[in-house]
Amino acid sequence: MDMPAKPVTRIGTPTSDTKNLKTRGRDSLKDIVGKMSCSEAFYFIVTGKTPNETERNVFDSCLTILMDHGLTPNAVVARLVEDAVPDDIQVPIAAGILMVGGKFVGTMVGAGRLVSECVAKGGDPRSWAAETVARFKAEKRRIPGFGHPYYFPTDPRQVRLFEIAAEAGVPGKHIAAIKILSEEIDKSSGKHLTLNATGACGALLAEIGFPVEAMRAVAVVSRAAGLVAHIYEEKKNPITPAVSGFVNAIPYEDPA
Amino acid sequence: MDMPAKPVTRIGTPTSDTKNLKTRGRDSLKDIVGKMSCSEAFYFIVTGKTPNETERNVFDSCLTILMDHGLTPNAVVARLVEDAVPDDIQVPIAAGILMVGGKFVGTMVGAGRLVSECVAKGGDPRSWAAETVARFKAEKRRIPGFGHPYYFPTDPRQVRLFEIAAEAGVPGKHIAAIKILSEEIDKSSGKHLTLNATGACGALLAEIGFPVEAMRAVAVVSRAAGLVAHIYEEKKNPITPAVSGFVNAIPYEDPA
Amino acid sequence: MDMPAKPVTRIGTPTSDTKNLKTRGRDSLKDIVGKMSCSEAFYFIVTGKTPNETERNVFDSCLTILMDHGLTPNAVVARLVEDAVPDDIQVPIAAGILMVGGKFVGTMVGAGRLVSECVAKGGDPRSWAAETVARFKAEKRRIPGFGHPYYFPTDPRQVRLFEIAAEAGVPGKHIAAIKILSEEIDKSSGKHLTLNATGACGALLAEIGFPVEAMRAVAVVSRAAGLVAHIYEEKKNPITPAVSGFVNAIPYEDPA
Amino acid sequence: MDMPAKPVTRIGTPTSDTKNLKTRGRDSLKDIVGKMSCSEAFYFIVTGKTPNETERNVFDSCLTILMDHGLTPNAVVARLVEDAVPDDIQVPIAAGILMVGGKFVGTMVGAGRLVSECVAKGGDPRSWAAETVARFKAEKRRIPGFGHPYYFPTDPRQVRLFEIAAEAGVPGKHIAAIKILSEEIDKSSGKHLTLNATGACGALLAEIGFPVEAMRAVAVVSRAAGLVAHIYEEKKNPITPAVSGFVNAIPYEDPA
């Protein structure tokens, strides 16, 4: 094996370095703690850029919209794990976020990647959209960010996210691209498909320059915070006994 | 087994309920998304209370101070897992936060619990502190929140956190308690022990009424955000080859 | 920080060493693969000792008895995670085994530790048992390995495990100790408490010299195997839709 | 949402059913515990079939060959997590197995799937092999199960696995298919590529009818057992201080 490149990190100084307390070139205690909110610091530590007001508002809207959707399967998992491991709250949080995978949140990343490619490439977004629709059709794949089991014809969360982005004053190219994509999808199939909240998040995160490779992590961190509420509620007012009762009533059958 | 109590949740409505989009009694789209920052929403969803400015500033300071400390073991773990599972960012995040356990962050919870008990009980904090020091001494246990391998006589992060809390205008009883505890520790042993940043966080979170049972989760969520920066850096500028090279050079020996 | 001791491993050679393929001093390809069963290799790699027939039979009985108990909470968690992350079977397995914690399986370790201490110390096991019962009573703690919500007066799995151990020809001191402990528990409280399967496993693993610190791992590995059956069944014949339907019907309520 | 099919499980009875202790139609205490080894029970609980001697020997060889490869990244991760969470052995095991993902062990599943398709389809394996090589070449993808950074021209573990399979008396069609595939790969590129141990495992597991969807789990369970040895060694003879020392020396740099 070749000699690896000399490793280096540009994130932060170690605790052992008591003379410097730095994060990405800034003084951690003067410029971050007491100055930045958690989401500003999160955006800063990933991108290396202090978010401006537009970026901050958009980033917070994506973080807050993904925080909770009631008793989703990952909330149920976190609660069942909490019941078994009640003294190590990081364990139920970890189990719950393991489910924030490609099947559900992957569509956010997919949508974010598509519109980023559109904007990076430049040119007419309408012809890009038509080509994209044709390509996914040929490959028999669903376009990420579209369709919803409950919301039709519009997902109110998508509407709200675009409203916030407009008020915040984003440049708007990525949002324009996903809207055009939505129109081309409908035109191609002859029927309407809902542009959903994860698709909208992908476009918003692309607007504020959050890297596509880390987009899913926005959902992970946000959901981690939401799961804490479920885990804490489970300690006071558990659903585990009811869920256990339900699954215990699922019958066992001998194989045929 | 007895019939469990009829289960109920007071966190949020499910996605299937398209008429209501509520979180803890508030309209998710009008009152939270676009209105609250991520940390405000996190505080709100756990405690059910909208944080005032004092609470918000203190909560953000605890979240940001715990976000990163360079190439800590959990950053290294997240990076090694990222190298093996590069397409599912929730997996390295989960592996990394599994390490936010009792050994390190437990001291924050322990300190938070101690000062909460002191304030809840009322009375003279000095006699509480003396009794606490005596009790831990008798049980040969270390008092959580004190001691540091690098910072002596003071941990600058603790100083900064108390400064922020004072500026934010916290009531101050929990902070007073931990300061008195610090004095009694020194008096009892005849030598100074550093009041550290995790001890300070425990006192600050107690000041703003964040529940002791969920305090460790503040570190978990915050560190999850910080790990994203490491995982993303690992994709661009990895340390895994160097770490692998180092451990491959650790010799294998036959048992004696 | 002091210079750490020069690190070394005595488990196995790395893949990069193509001249040696060794595990704990033995040739991996000649002495292990094709020669040992999985459980023999597991025992060997942890203890460094090739198990004799007695040890093998007892170890296999502990591994097989812990493999499955139907739709336990950890099977449900593994199945829900499988539904969300269907292409990475290690993820649902990991989520499920995270629940093999102190609350349930800890009793096995606790029982194993107690009887190991009794045998290590020597002397009259009856006075050890009486002292142990008195100590736990004074500390208001439950003695690990006793009590069961369904089995009374005996747990048939415990009976079977002791039968296998007797047939296998274990020395028997740890089993004798836990039986005497059971008698002293009943004598002290004046009523019978079931000696359960996890208590029995603790005693059996102590009989065959499996280290107390790794005992819980026997349950973890065994349950990992059992979870594979649940995850695979979930792919073919899922319970997730029914569980989701059940939890979706748990009502959301506004806070009072 | 439609009413889901009435859920049922055919794995095992719950603990609450004290009258039946059954696993896949067999009496758990009479037919499994004390009768089957861990690997026999693992094979049985996943496939519903008691393994014959051939299947048992082959399954054990796959389990044992994957158990350890020294200080691999997942062993290092398990050891670092053990250091942070020393009292919950399931946590470092879970963190370590999260890394048994598509990048490394996926090739076993890929190879197993390819040869299963070949045998299921019937016909001349040579033309199947030539078509497969051509298809992967056209799609610029690597054929799973081939190539190795250290072993050339042969991987001794593959040789040993095929030897065991032959001695065990497997039908041999899947092994024949992968050997022919190996020949066609070499013919197509004009140079030799090593048939590796994971490719061999895929073929062996296909020979004994272990389902492709669960093949990766064989590596997961086996590695879980191997990690226990590393975690236990870490408690006695840690590498964490040395690894921490190494990563602490990786310099932090301000961004340019």
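Per-chain residue numbering starts at 1, and chain names A, B, C and D are given in the order in which the chains are listed.
Note that contacts are C-beta pairs under 8 Å (C-beta built on N, C-alpha and C of every residue); 3 or more make two chains touch, one makes a residue touch a chain.
Everything numeric here is computed off the predicted structure, so don't read it as measured data.
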Please work out which of A-D and C-D is bridged by more C-beta pairs in contact, and write that pair. C-D
Residue-number overlap at the chain A/chain B interface, same or different (half cut): same
In angstrom, rounded to a whole number, how far apart do the mean CA points of chain B and chain D lie? 37
Centre to centre, by mean C-alpha position, how many angstrom separate chain C and chain D? 23
Whole-Å distance, C-alpha centre of chain A to that of chain D, is 31
Could you tell me which residues belong to chain D and also touch two or more other chains? 1, 7-14, 16-17, 70-71, 85, 87-88, 91, 94-95, 98-99, 101-102, 149, 239, 242, 248, 250, 252
Hey, which residues of chain D end up touching chain B in the complex? 1, 16, 70-71, 73-74, 76-77, 80-81, 83-88, 91, 94-95, 98-99, 101-104, 239-240, 242-244, 246-248, 250, 252
What part of chain D is in contact with chain A in the complex they form? 1, 7-14, 16-17, 20, 22, 24-25, 48, 85, 88, 91, 149, 248, 250-255
Which chain D residues qualify as touching chain C in the complex? 1, 3-18, 21, 23, 28-29, 32-34, 36-39, 41-42, 45-46, 56-57, 59-61, 63-65, 67-72, 75, 87-91, 93-95, 97-102, 149-151, 156-157, 160-161, 163-164, 167, 211, 213-214, 216-217, 220-222, 224-226, 228-233, 235, 237-239, 241-242, 245
